[in-house]
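The same subunit A turns up in both complexes below, where it pairs with subunit B and then with subunit C.
This part shows the complex of A and B:
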């Protein structure tokens, strides 16, 4: 039987939950956010799932989570799940941006600035 | 007939002698009597003798005539009898032929889809030796049987069509649902809770889709989707995993780096999904199911091994019989009350696409299903679509140069950052660093041509230094994309550091790009 009206499929046959193994990156990924920089420690070993291998290759120089997500065309949650695995295997290292709390207080800087101007 | 014809010939002389014999005796006795009696009574005796002789003669002649007649009649009866026997034998043969040849043949032709009229016309055959009545009765039997069969066939076909039709509608809805779910997943990718829910919905939708596909396949149609390009085997296997309930229990091991041609992608996904479903369903929930694919002489062998309930020899035979039955063309009617769609679907697909399936006892104690994909459905990964995000992390390589440059200068955390803006030479070195990485990806069969077009298009408009042509071509796209200020800065720097800005020829920049990538 030939059914017309069904377009050719162009995408991928695999769904995202297979890539993440059903995890959505909910609880354990608190250390990773969009701007966390990720850098690979080693090259991709043989037999690694293609997404992970691609991340490791991409991150031979530091790359943010958001960028990885964009290049792999995968949602951020998927990337964070994969990155969590890679971090656990010590294949990549993550460097969080400096938390705002560690930066000097803006008010303090302004006070110093005003003080200097008054000199 | 021969006997009947010859019998009067040798019958006649005996008959003649037979009727003469009593006459002669009577005549002789009368003569003796005439001579022995006294002469006074001689006359009376003579008369008596003559009368008796005549009477006997008449009687004998009559008897002989009747006997002759009788013989003729008997011969005729025998002839008639033989003819009847012959006719009977012929009718018997004709009836046997009807039962053993004509009906099955006509039935088979009907089931092959020939028209009732054509079949009926062609079964009208020899009539010699048979009465018209007998022949027409035979034809009537044939006609009514074939009409009934074709009516039945029509009903079956239309019910199958209805099944397929409904399945198609479900498939369409599921497909639409799946693509919109994918969009939602992309949109809500940043909120893990929503994303997790979406994944669950997505999974459920895929299960519904598989059921609809199964019904369509059993109805004699193709499984739902069609793939225009070859898809890497890895993606196909994961696609199969994504359609079963317990996909988390499936362990995907080494997969040879081949792709499956577009036409066979969907059937293969479906067949493997059904086998995986069987494997996960009939093994304890804590065990794993192993999925591997290796190259063999005749193609690719996909092995599915579970550590579950062992398959007894009887059960194995039943399963293989079911597969064989499905390959012989079982339909929805044959599924029974508790339909076990799985193997029937696999059998159907195997028949249509030339897969070979066998079920054996596994070394783990469970079942080991091996599906062999024939060589002609296999192609190299280079022909495969780059869109599958499996091996297709394909989208990675083409965008590598940009992120590097972007992160180099934009992030401010890399050691290379300081070298980037300085001059063209270090940048070239940087690009040289890129090259091997990219080549490594190329060996994986990943298409990486997509990025070339935008810079080439941008090349004539952008202004950059001809000396460091690599730098120039690197610098041009950012000139159009303000998103990457670092790149723009690099171009600015290289311009400031002394090179005279000039329009680089397109071909030149293309070459440099080729080198660069």
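This part shows the complex of A and C:
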């Protein structure tokens, strides 16, 4: 968990600031949702920053943004910034969530109902 | 001085049996909202196929009047944890359940959370209804469809559903159910109540 020797706390603003290069992720309109599924396209190339490389390794099977955040112990906002770069570099692909709507379609609702009934 | 470490970051990912199949193509989410200790984590744990995970968000990200370009050293990293779990609906579709605290000071979390969510479960402890009022009002404002689940703690005096409906000022069509968040079947039934409610809403919208 803790990166010993770095002398800063897991979630400290300093660490987060360095990881994202000072970007907040708030201003860019992100298409990433908490439940967007992310899948790596390639392995991490040599020299990739450790957090990005860790994401690429985690996503050797599809994984949601929320799960990436949990496993990396980084806020979702930070993970979103990193993923935006990885998407632009085509290191990962995003499987978008069902289009947001206040009224999801009937077939989708029925699929979820049937899945839950089988639990 | 270079602050970055070039050592690989060792991260324990999902256990191999928890990995989603390659066919997983899309995911949906349901939000479980309620006061502290009302049983959100318990509910998520009882139905989740994975051990619940925790994701954190920092208060400063919410733009609580913090100037982004001001020195980061002045930001306080107040973080709020959200528990979540997962249910594979079928080979393509995955359902995520997020538990989030209902108190007003945590509403900054709601933007990313409720966007695109199917709906919400308001989990209620009848001994502390106050939080539920605010939550229900806020969900109505946002137009998020929800059901109310009364988590039955043994110490809580029993209340008939209609009494609670009046106390919470809930319209007739909003389902209220009792549950025991510790029990998988009971928690599953709460989720099904929400889905059946959403189904009826979707059908009536289609028809009109």
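By our rule, the second predicted complex is superposed on the first by the 84 of 119 C-alpha atoms of A that agree within 3 Å, B and C clash if a C-alpha of one lies under 4 Å from a C-alpha of the other, contacts with A are read in each partner's own complex, and residues count from 1 in each chain.
Methods note: a residue touches a chain if its C-beta (ideal position, glycine included) is under 8 Å from a C-beta of that chain, and two chains touch if they have at least 3 such contacts.
What you are looking at is a predicted structure, and each value in this text was computed from that prediction instead of being measured.
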| item | value |
| --- | --- |
| First (subunit B), second (subunit C), both or neither touched by A:57 | both |
| Contacts of A:115 with subunit B and subunit C, given as first, second, both or neither | second |
| Which of subunit B and subunit C A:105 touches, first, second, both or neither | second |
| Partner chain in contact with A:36 - subunit B first, subunit C second, else both or neither | second |
| First (subunit B), second (subunit C), both or neither touched by A:75 | both |
| Partner chain(s) touched by A:20 [first = subunit B, second = subunit C, both, neither] | first |
| Set intersection of subunit A contacts, subunit C complex versus subunit B complex | 3, 6, 11-14, 16-18, 22, 24-26, 34, 37, 49-51, 53-54, 57-58, 61-64, 67, 69-73, 75-77, 95 |
| In the complex with subunit C, residue positions of subunit A that touch it | 3, 6, 11-14, 16-18, 22, 24-26, 33-37, 49-51, 53-54, 57-58, 61-64, 66-67, 69-73, 75-77, 95-106, 108-117, 119 |
| List of subunit C residues in touch with subunit A within their complex | 3-9, 11-14, 19-22, 24-29, 47, 53-58, 60-61, 63, 68, 72-73, 75-77, 79, 84, 86-90, 93-96, 98, 112-113, 115-118, 143-145, 184, 188, 191-192, 195-196, 198-199, 201-203, 205-206 |
| Sites on subunit B touched by subunit A in the complex | 164, 168, 172, 178-179, 182, 185-186, 188-193, 195-197, 199-200, 202-203, 206, 220-222, 224-229, 231, 234-236, 238-239, 241-242, 247-248, 252, 254, 265-266, 269, 385, 387-393, 395-397, 399-400, 403-404, 406-408, 411, 413-414, 416, 437, 440-441 |
| Touching residues on subunit A, where the partner in the complex is subunit B | 1, 3, 6, 8-26, 29, 34, 37, 47, 49-51, 53-55, 57-58, 60-64, 67, 69-78, 80, 95 |
